[in-house]
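Both complexes below contain chain A, partnered by chain B and then by chain C.
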Partner chain A sequence: MSARVGIVVFPGTNSEEETLRACLAVGLEAALVPWNAHPDGLRSLDAFVLPGGFAYEDRVRAGAIAAHDRLMSAVRAAAAAGKPVLGICNGAQVLVESGLVPALDDVERPQVGFTRNAPAGKYRSTHVHVKLAIAPERCTLTASLPPGAVLPAWASHGEGRLAGEPDVLARVQREGRIAFVYCDAHGAVSAQSVPNGSALGAAALVNARGNVLALMPHPERDAWTYMHHGRERERARGDAAQMLATSGGIALFAGLARAVSA
Partner chain B sequence: MTVVRCVEVSLTIPDNEARTALVTLQRLGVPVTTLERADVYRCDVQEREADHLSELFRSLETLFNPNKHSLRVRAGDGPARGEVWIQERSAAPERAEKAGVRIAGRRLPGVTSLERFTSWRLSAEMGAPAGPDLVQAAQETLLYNPAFQKATTA
Partner chain C sequence: MLRVRDADDPALTESLRQSGLALTLDEVRRIASTLERDPTIVEAHAFDAQWSEHCSYKSSRHHLARLPTTGPTVMQGPQEDAGIVHLGEWRGKRYGIVIAHESHNHPSQVVPFEGAATGVGGIVRDVLCMGARVIALADPLRFGPLEDPHCRYVAQGIVDGIAAYGNAIGVPTIAGDVYVHEGFRDNCLVNVVALGLIDEAGIIHSAAPPGSAGWDIVLVGKATDRSGFGGAAFSSLVLDEADAQQNRAAVQVPDPFLKNVLMRASYRAFDTIRERGLTVGFKDLGAGGIMGCTAELAAGGGFGARIDLDRCPTSQPNLPAAVVAVGETQERLAWVVPPEFTPTLLGIYNDEFSLPLIAEQAQAAVIGTITAEPSYVLLSGGETVMNVPIDVLTRGVRYERDYVLPIASSAAPPEAMTQRRLGDILPRVLAHRDVCSRRAIYERFDSVVRGTTSIPSGYADAGLIVPLPGAPLACALAVDGNPRYAVLDPERAAEHAVVESIRNVVAVGAIPAGMTDCLNYGNPENARHMGEFVAGIDGLATAARELGVPFVSGNVSLYNQSAAGCAIPASPIVACVGTLADVSRSATPALKKIGSVLYRLGTVPPGLGGSVVAEVLGITSDVPSPDYDATRREIAALLQAHRDGLVLAAHDVSDGGLLVTLCEMAFYAGAEVGVLLDVELDVHGAFAESGAFVVETGRPAEFEALCARHGAALTRLGMTIAEPVVRGPRGLDIPLSALHEAWTAPLNDFYADVLPDAAHA
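For the complex of A and B:
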């Protein structure tokens, strides 16, 4: 039997269909889970994905209301049980606001935040690359990636800048909680590759146990060749099979599939 | 010579954000009975211009729409009892000594410094302003993220 993944849909979530499609493409049995589903009915799921969007219209702060949603008790229970939990964009903001990442000292309170982009404080939609910044096996979702793997994705957020107290950020870095950093297409890391002023160039955070991953850019929007930006897509022109093949960001969903079947 | 004035802009129509925050706080066991939200602009303004501050802000169409906002110049320069003001830690006051600071694409003559806050006004039973413990419980439970925001109370 294939693994069952719940894709959480809060009022205002808007990337659930793409996320579902990416999960199905890697062989996962996935279904949308609305915010008003009873948490007790979700405990048998093998993993959760929190997609992007504007949960509860980002009221109070991005992710703040959803982090306290009743459904999150099922996500918390899954995380505590070691099941994989992936948050993408707004889903990543929800995981940070819920304290599931970085969860230093296993404290589930907001310890950092994804806040307004710098320097202009404006929404950005742009193609990016992210580089695996931890040993692959450190996170269950990245365990099947090669060291230093570079994935393409689309950044699409107004609040994606990692921010926090300097001592907390230092611990986040020291304790290996930065799972991905922004980079260029060749994996070179520089300030120019960071689209939002994120502290430490961080694109994703992971918890200590390695089963909760909060990723700001969208891998599901760059998971088929025709979605890519640049040469790879151009090379596939005229080859429908290649153009419609999964590639790029799908690797993270393949990693999720391996994690839940492990 | 400058004086400090605070301009408060709040909604006259139902505030969905405040309503959502209120319901969430109550569900989480924080006994708030009402919750109001406003934008607060704390200004250092040259004394001779202080009386025109309300008029200046009313002319900023992107900040103040008379069809759905009310505007008042508050007494005092900080939160009142039952209030908490939230601001990003990295937010620095806009400053301009002579020509006046710019906001919403317009210059405010006589305003030499401007800071923006989100104000939450909480009440407990019978509409009385919430006490410090209740305000603190609300801010720590939901209203701010201490990692990147500051909360200022009375």
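For the complex of A and C:
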């Protein structure tokens, strides 16, 4: 039996369809799970993905209300049971607000924040690359990626800048909780590649156990060849099947599929 | 009752003013004589909305009839909220692209954030109510000089408002343009285009279906409140700063959060209706509120309607009946469904998608019935507050406005100017307000949500999406409308808007399928302003016929002027949708390979009028006439070259001219590929902007042969080189980095002087 993944849809979520498609494309059995579903019916799911959007209108802070949604009890239970939980963009903000990442000392409350972009403080949608900054096996979702893997993605957010107390950030870095950092197309890391002023150039956080990953940029928005702008797209010119094939950011979903079946 | 029949003109003028009605004396007397009694207050407000320019197109409708609206690509022409063009077939189903175009100019000038956001919200509903998935947005924007703090405030608010709404509902913004002109200082333009994807069998019409007498009218969405009262009439008046405070109340309040859920719930309703094989009616609430929408739904099927205003959910107590009837509270739509389906429909919105838990009093509710008798009846507090023949209400009025056609400015063609150094001019043209990079603006909009975007905004002349996952079918969208042409020659400006928008979709490889127009003009009661409008229609009609692309929907926005009487530059803004059977045959304008050959495909007609270089150098000149025969050949040749895989990159020559086009192609490639010109250009050749494409090809012999077969003019320009420079004869030699700096600097500080927006995105 194939693994079953729940794609959580809060009021205001907007990226559920493409996230579902990305899961289906890597062979996962996945379905949308609406916020008003009863959490008891979700306990048998093998993994959760929290997609992008503006859950509960990002009231208070992005992700703050959704983190207290009744449905999150099922997500917390899954995380505690070691099942993979992936949050993308707004989903990543929900995971930080719920304390599921970075969860230093296994304390589940907000310890850092994905906060308003710097310097302009504005929502920004721009193409980026992210580089795996931990040993692949440190996180169940990245275990199948090569060390230092570079993935294309779109940073499309207004609150994606990692911020926190200096000592907390130092621990986050020291304890290997920064799963991905922003980089250029060749994997070079510099301040120019960081689209939002994020501390330590962080694009994603992971918990200690390695089963909860909170990723700000969207890999599913550059996961099919026709979405690329580079050599891969040029190679697919004139070949519809190749142009419609998965590539690039789909690698993270393939990693999720591996993690779920492991 | 509004005392009409026994009131003299001064008394009636005063009572119209006190009631906030924009109807003229003549119109209100005509209503009373048709009804053979004085209208009630509710009726007066209903006619005020329905007979407004905004709803009735009373000055424009007979002119619009001159536009070509038919063709093999048209699935539905301009009779409802949106038109539909054929996209293609996939797995036995025939798919169409729904296109709608609207303006929200006055609200955006008065309350920029909310005005622009509700503009997006309104156009999305126009597409949604056809039964379509909303798949893309585009925003043509026109601002006053950004050095002016108020214009800057308006521009920033508009960009933030569009971002807040479009991003939240999860529809990608894939195209748009920004022009800055003195003429928009007091009256900005915010046009919004939305596209939808529809399976032909799933089209829902905005009319009560045959045999629907006795069916339920179901209102869905936000609870009615006081916001947006008098909106239709407001948008049909000249803006007066003194009334700004009162006008603010006419602007609606956006709720993209609720809309996000409302769209998803409506998609579920579409699927359920398809499964059950039902024919229903669905229409969005816009101008004229509950009254305008339900009256048009009923009249569209030849029926009447009876609405109980007490059954309309409200979020404020004691709202006057007129406010409930015609107020333009956002995020509402209305269904006409058979009563046996009503419980299922209510269940989808109220239980499955829990609208009442999303926003206070938001819900789906039965508010009335379709009637066989052709009258429109509103009840409130057990009394009849409106009862009029429905056709009188919805037919509106017609005006044959006087007009004086504009005289195009005329000037002798400028001297050849071969002595000018192109290298001195180029950076100044790149830094011009209409040429420089728009990155600061388009990055505010999510262009990739839904995971269907192949070319996002800022990457090409047109945006490109693959709307049906798994299918190679693609859809391109581009907008155009150049105010620099319009101030010199309104008719040619309209022609160029059509030609340019078509060329934009062709550049990425799509076949033009249909267009929409948003016609933004001044005061129709002023013969000179009206003449610009009439000339604009002539220009649009000529160009559309010559190039064989129909208009499938459109919008008219008049009274765009300040209280000082200055009309805006005539602004016919055209959006073109192109379709492509195979997305792998598309191309972007980014230079691809070092050592490939660059061509100019087509010629540029004589004249520099309205060009950026004319402004930079202070030249007076005529607006060039489009050469339709040449344009048809260029388009046919380029589309064939795309299909044959000969195009590495293509970009149409427009604002700034040929050298700017080349620079942009290099910038899109990350400024890592340079350009070596081996052709000598004069000022016209380098900077004229009304024709031709630049094409990069790796197979020059085949490309030359193809263009010769099509009889399309072709000029070899040079080569791409590894060195990041633009280099050419007579000392032209500038590093791309310097050109890029000139191009990006002007708008880098678009947000420099503001704090983060409160209503964040």
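To be clear about the criterion, the second predicted complex is superposed on the first by the 262 of 262 C-alpha atoms of A that agree within 3 Å, B and C clash if a C-alpha of one lies under 4 Å from a C-alpha of the other, contacts with A are read in each partner's own complex, and residues count from 1 in each chain.
The definition used in the following text is that a residue touches a chain if its C-beta (ideal position, glycine included) is under 8 Å from a C-beta of that chain, and two chains touch if they have at least 3 such contacts.
Predicted model, so just to flag it, every value in this text is computed and none were measured.
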- Query: chain B versus chain C on the shared chain A, clash or fit?
  - Reply: fit
- Message: Under the stated touch criterion, which partner chain does A:M243 make contact with: chain B (first), chain C (second), both, or neither?
- Response: second
- Task: Quick one: classify A:E57 as touching chain B (first), chain C (second), both or neither.
- Result: both
- Go through the superposed model and pick first if A:A223 touches only chain B, second if only chain C, both, or neither. second
- Query: Does chain B (first) or chain C (second) touch A:V168, or do both, or does neither?
  - Reply: first
- Please state, to the nearest 10 degrees, the angle that the Cα centres of chain B and chain C subtend at the Cα centre of chain A after superposition. 70
- Message: After the superposition on A, what does A:P110 contact: first (chain B), second (chain C), both or neither?
- Response: first
- Would you check which partner chain A:F253 touches, where first means chain B only, second means chain C only, and both and neither mean what they say? neither
- Quick one: classify A:Y182 as touching chain B (first), chain C (second), both or neither. neither
- Item | Residues of chain A touched, compared between chain B and chain C (which is higher) | C
- Query: Once the shared chain is lined up, is A:H68 touching chain B (first), chain C (second), both, or neither of them?
  - Reply: first
- Note on the structure: Min C-alpha distance chain B to chain C after superposition on A, in Å, is 6
- In the superposed arrangement, what residues of chain A touch both chain B and chain C? 56-57, 116
- Note: in the complex, chain A contacts chain C through residues 11-15, 17-19, 21-22, 34, 36, 52-54, 56-58, 116, 120-126, 154, 156, 158-159, 218, 220-224, 226-227, 229, 234, 236-240, 242-244
- Message: Which stretch or stretches of chain A touch chain B in the complex?
- Response: 56-57, 59-61, 64-65, 68, 97, 110-113, 115-116, 163-165, 168
- Item | Residue ranges of chain C touching chain A (in the complex, touch as defined) | 160, 163, 167-170, 256-257, 260-261, 352-354, 357-358, 443-454, 459, 466, 469-470, 472, 582-585, 587-588, 590, 592, 645, 751, 755-757, 760-761
- Footprint of chain A on chain B - complex, ascending: 16-17, 20-21, 24, 27-28, 88-90, 142-149
